[in-house]
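Below is one structure, written out as structure tokens, with a few remarks after it.
Chain IDs A, B, C and D follow the sequence of writing; residue 1 opens each chain.
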Amino acid sequence: MFPILSVMTYIPLLGMIAVLATPRNNPNLARWISVVATAIPLALGVYVYMHFDRTTASMQFVEQFDWIKPFNIQYYMGIDGLSVPMVLLTVLLSFLCVIASWGIEDGVKGYYAMFLFLETGMMGVFCALDFFLFFLFWEIMLLPMYFLIGIWGGKEKVYAAIKFFLYTLFGSVLMLLVMVGMYYYSEPHTFNLLQLAQGHQFVGKTVALFGHQLPLDKLFWIGLFIGFAIKVPVWPFHTWLPWAHVEAPTAVSVILAGVLLKMGTYGILRMNYPILPEATLWASNFMMILGVINILYGAFCAMAQKDLKKLVAYSSVSHMGYVIVGMASFTTAGVNGAVLQMFNHGTSTAMLFLLVGVVYDRVHHRWIVKPDGSKGFGGIASVVPVYTGIMAIGLFASLGLPGLSGFISEALVFLGAFSNPKFQTYVVIGSLGILLGAAYLLWMFMRVFLGPLNEEHKDLEDINWREIFTLAPLCVLVIVLGVYPMPVLNLMGTTIEKLLTLFS
Amino acid sequence: MAQQALLIALFPLVAFVIQALFGKKLPRHGDFVSVLAIFGSFVVATPIFMKLLTDGHVFDTFQVTWMALPGVEAAGKLNSAVNVVVGVLINNLTAIMLFMVTLCASLIHLFSTGYMHGEERYHLFFAYISLFSAGMLGLVLSDNLLTFFMCWELMGLCSYLLIGFYYKKPSAINASIKAFMTTRVGDTMFFLGIAGLYYVYGTSNFMAIYKAIESGVASNITIAGFPALAFIGFMVMMGTVGKSAQFPLHVWLPDAMEGPTPVSALIHAATMVAAGVFLLIRMFPLLEASHVVLPVVAYVGAITAFLAACIAIVQVDIKKVLAYSTISQLGYMVMGVGVGAFAPGFMHLVTHACFKACLFLCSGSVIHSVHTQDMREMGGLKSKMPITFATMFIATLAISGVPGFSGFVSKDRILGGALAYSMEHHGHYLIPLLGFATAGITAFYMFRMIYMTFFGHARDEHKHHHAHEQPLTMTIPLMILAALSFAIVFAGPTGIESVDHIMPVKWFDHALEGAQKEMGIAEHLSPESEAIHHHAHGLALMLSLAVAGLGIFISSITYLKHLINAESIKRMTGPLYTLLWNKYYFDELYLGVLIQKGLLNFNRMLAMFDDKVVDRIFVDGWRDITMVVKSVIGRFDDVVVDRVMVDGTADVTAGGGWVLRQFQTGKVQQYLVLTMIVIIVALFYANLGLK
Amino acid sequence: MNKVLLLAEILTVASALIVGFHPNILYASVFLLFTFCGVAVMFLFAGADFLAGAQVIIYVGGVTILILFAIMLTQWLYKIKLADIRNKMVVPALLSAAVGVFLYRALHQMVAALPPQTPEALEKFTATPKTAAIGQALLGGYLFPFEAITILLLGAMVGAVWLARPE
Amino acid sequence: MNHLMQFSSSLQGYLAVGAILFSLGVFCVLTRKNAIGILLGIELILNAAGINFVAFSKFRTGLIDGQIVALFIMLIAAAEAAVALAVILRFYRLKQTIDADEASIMRN
């Protein structure tokens, strides 16, 4: 049977090798190879979308064979309702980002090689069903990000790259410990996630740590949660995100916001929920509080930002807060809303970052208000009308305006969270986030686009066809999913139904 | 019939898409696309209205499953399946609203082709207006609160875009963001109400809710500590307060006058703000069931009406006067619903839509001709703009509550209801008191506006000279709207029931009774409350006539005959005047205190906290700690390990080497001596061994 | 016959003492000559007739004369200060005596370990001439050392000539 | 006297002479300052070794191997003496003296 998942994962790797082999003086060849290397997975992704069986919650397109026999480690790849939207998002965004980063001039070969390598890492994380394989791809994905930010980034790129790398590494160390712990404490020592999920193996056991017996499953849960929370990012661990976004080149921060943030929540849903249901129930209150803090904290900080990218970065923190609130509610609408929000946030934030990139490539600064108080951008709507139009769509999508995709997932998350009597007060507080979200995004739209034109930018030329080509699919997705979200929603329905049976 | 009704909303939507994408390239920038679309909707809406008129009742629904999330079949459990079903509901209320909205919108579209002629982003204006109409019609048609909320926010977006239409003016964009944010506050709470509905009933469909309330479901469930129905009722009310600019969220409507006048007419008079009241009417059974919320609604309505009316007295900008009058009239409607008189409330909504749209359009044509909004620069335009004067005067009579006009009919019934409410509940006398006071003040400031604009001598010769009557495309809508302001349209020639027995016009009352039955509101009042109502209405009739007459009288002696000098009154009332002039300092309170001092400083402080504390200390702190540890270990490594251990051994070996070297004397014989010693020792042991 | 052997041994020991203790190097060399003769006689009585002849030719004829030449070349005759200044002698004397004693005891114990020959075998051994047997042994079992010795001698000769050549 | 004759013609006699010669040779080497004196001592030692070999070949083994080894010792001693004297002459030419203590260039 054609190993479609592995092909999708390793085509970019082949692309990378091909790109490295191209002669240095011909950057365009490298660009076209990487376009092809991302187009093929996109095509396969569409094939997977067509042939994905929506009625069953079991794994599909499975590839499973022994890899390291003595430790019972398998090369186990497969996708279900949870990972399909993420896979599609990864494939789509990678394709668009490769086209969006046409403007990179220096070190083109290195840039595209790293980018394709990153795509392999991401695909692997979403398809891996063996903890060891998952962890392997998780680390693979880290490396190219470090180089992409560290080499092609902005002024303080090295600081940002190091901070990003060490932060996530700290998380993955905890994950490693838990992985080994799980391998050791599971009856037939295994890394296979599905087997680990059977029989609540870690519930009763305790482990002696620092002199007293600690409950094993809660320990595992906290370890995994911190490892993934850093990625999401959840409130206390989020400080790497503004740095990484501000310093990363456009396409990289699109991928960072569009896909990498989702790995955290995907990880929690893939591992914490099925394997440690009791611990998840025990910590649901804790997660909900963190989610609400995320929403409000991100929104408040975003309001005070002067840099466009930092503002969007903090808005991502706020929107990921919705995902956590949705997840922690354990209701059908909530969790479905959370996974849909992961997809929608991916598309709308990708649009915002691409748009910020468009203006950054022309003017090489992103100040709404310059640090010295003078006007950064001002009233450029009159100069670049088409750009303003698309920005408005992106803006109102992430704002959660009905008719666009942002609203659907936000509404589902809040309806779901509200129908769980325990969390109603949290939702009332969290709804303040919707309000603040509108505030800082519209404030930015006003300061940058409306009002009197800032003379500095009167010769700003409008958006060109290449940029429109990258933004068009996202616009279509945002509008179509806003009107009729079922195409994505029915992908995940049955899987989430099975997942939630653990918690009712 | 419901499927065709869907077309009503789709026509403007299609027009929006065409206009937004190709508007610029179409001839006349595509304004005809929007106008045709809205007229198309009007044409589709008319048969529905006719059906209501002929057989007094119309009902049809059409539903489709929008979102289906699989889950456990049993309802009420956490992971139970969620099926979001949306659709179209046509009943008496919808039919009337459809007809009224499409009519007003069409007339305003026609008017704005003239008014907006030559504007820079002409095509975008029509795109936004079409989108707005689609939103409003979608709201009226939707049979559940979710799509109702979606269209509600879509309208909020359009009002934001249209208020900020002249985006070069900073005041316009501030006004637009203010409008959006204030309504957004209301919307967020409204959304929580919807979430509450889904929690309690699992659906937000009106019909389902009416039945559930009739069967008395969920009287004991609590949401976040409050009784469920009270929570939902309060949240829904806050939605209305936000959208219909009721106190305390009314600050955005006066600033919304920054937008072009047709926008003010369409959005901020006839339709959008009315949507809030329409929501209350749709959710009336729920509000009634929660017992607590209705009085609050009544008080909010009364207070808003009175406060807005007072401010309107001192305004000099013609559109601001009308804006505050709108807020005041909306307060009336909300008060009507609050006191249980939801049929008169709905009637007032319809009548107000017509005459307020007419007033705004008249003020638009006045502004268009004299190019100023300040009444102090107008005066004596009666002769210059006869048609505009005539239509405006009719609308003013209607709003002031003069019998024979539509305003009088609905306002009188609301005041009657308020009086009956206070009599029945032996308290709350403040509501009718404020109601009658507002009626008087309304009459006063409306006639003040008429006199200052049209009567007396021209205060600004230059502008007076330029004043001219508008072309037909602008005056026809005025005339039609003025025609609709007569009482005969709604309840008979004079509007006074006792008099109208000879030629009663009962269609409106029958429609409203049908709607009430549908909603399950018992009209069967007990006999004594029947008597109270009758008595109240009689008393109300006398009072409202007296109050209106008084208002007109005072207004004419001060502004027409100038017997009382307005300036002297102003000086006398001193502080009160400044209070009113500054709109009770609400703007300063909200913008200054809440936003500038509170929110932005909090954000700056939080962002700074995030950078300095969480980032620096929590994260870089680790780096500093590792630096310290590294240097300590580094020094330890140099001093101890390197010096003592390594070099030490080197010295020892060197010393040892030195000692041994001394044996190397170079004298051969001494070597032999040593060899001999060794041999002896070896032999000695050998001998021992052998033995 | 044993008296001659006894005399030879006493001669050897006495002259060895003089060689060891006499301060004058010339006298020591001469008495070394006599030691060698005594040793030759001992060889005779030990049945090593060829060896005794070789001893006389090599040591007495060659080595001692060589030593005398060396003395003549390195000590100025007219001021022969033949007295060899002897530094401390006590420690070496004790040392060499101890070595001698221990050596003798060790050999003595080894002797006990080997089976003695019968007297008539001893007699027959001393009587039979050994030259033929030595000749065969040299070119038979001991061919390799024999050849090695010839090369050694050649090397020594060339080295000595090269070293002692005048500048 | 008869006992003494008995002893001298036996193996122990030869060994005693050998041991005495050996120790006198060692003494001579250790105490002589004159390089040639050292040579004398060495010759004595070698002869002592020869005697022991011959004695054992007669009194114990009855084989001529001992004698062959003694023969080889003689040959080597001759070669050694020649070379030693050449060295001494060279040293004399260098240092005009053949005092053993002068030859200490190789010291520590």
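In the analysis below, a contact is a pair of C-beta atoms (placed from the backbone, for glycine too) under 8 Å apart; a residue touches a chain by one contact, two chains touch by 3 or more.
Note that the coordinates shown come from a computational prediction; the quantities given were computed from them, not determined experimentally.
Asks: Provide the labels of all chains in contact with subunit A and in contact with subunit D.
Replies: B
Asks: Determine which two chains are connected by the greatest number of contacting C-beta pairs.
Replies: C-D
Asks: Which integer distance in Å separates the CA centroid of subunit A from that of subunit B?
Replies: 33
Asks: Taking the mean of the C-alpha atoms as each chain's centre, how many Å separate subunit C from subunit D?
Replies: Distance between chain centres, rounded to whole Å: 6 Å.
Asks: Hey, how far is the Cα centre of subunit A from the one of subunit C, in Å?
Replies: The separation of the two C-alpha centroids amounts to 102 Å.
Asks: I'd like the Å distance between the centres of subunit B and subunit D, where a centre is the mean of that chain's Cα atoms.
Replies: 128
Asks: If a residue has to touch 2 or more other chains to count, which residues of subunit B qualify?
Replies: 673, 676, in rising order.
Asks: Two or more other chains touching the same residue: where does that happen in subunit C?
Replies: In subunit C, residues 92, 95-96, 99, 103 touch at least two other chains, as defined above.
Asks: Applying that definition of touch, give me each pair of chains that meets it.
Replies: Pairs of chains that touch one another: A-B, B-C, B-D, C-D.
Asks: In their complex, what parts of subunit A are in touch with subunit B?
Replies: Of all residues in subunit A, those touching subunit B are 163, 167, 236, 238-240, 297, 300-301, 303-305, 330-333, 336, 379, 381-382, 396, 401-403, 407-408, 411-412, 414-416, 418-421, 424-425, 427-428, 431-432, 434-435, 438-439, 442-443, 446, 449-452, 484-486, 489-490, 493-494, 496-497, 500-501, 503-504.
Asks: Which bits of subunit D are touching subunit B when the two form their complex?
Replies: The touching residues are 26, 29-30, 38, 100-101, 103-108.
Asks: Can you list the subunit C residues touching subunit D in their complex?
Replies: Against subunit D, subunit C makes touches at 2-3, 5-6, 9, 12-13, 16-17, 19-20, 25, 28-29, 32, 35-36, 39, 42-43, 45-48, 50-51, 54-55, 58-59, 62-63, 66-67, 69-71, 73-74, 84-87, 89, 92-93, 95-97, 99-101, 103-104, 107-108, 111, 114-117, 121-122, 125-126, 130, 133-134, 137-138, 142, 145, 149, 152-153, 155-157, 159-164, 167.
Asks: Could you please specify the touching residues of subunit B with respect to subunit C in the complex?
Replies: Contact set of subunit B toward subunit C: 673, 676-677, 679-680, 683-684, 686-687, 690-691.
Asks: Any idea which subunit B residues touch subunit A in the complex?
Replies: Listed in rising order, the residues are 66-72, 77-82, 146, 149-151, 153-154, 157, 160, 164, 167-168, 170, 173-174, 176-177, 180-181, 184-185, 188-189, 191-192, 194-196, 198-199, 223-225, 599-600, 602-604, 606-608, 610, 614-615, 618-619.
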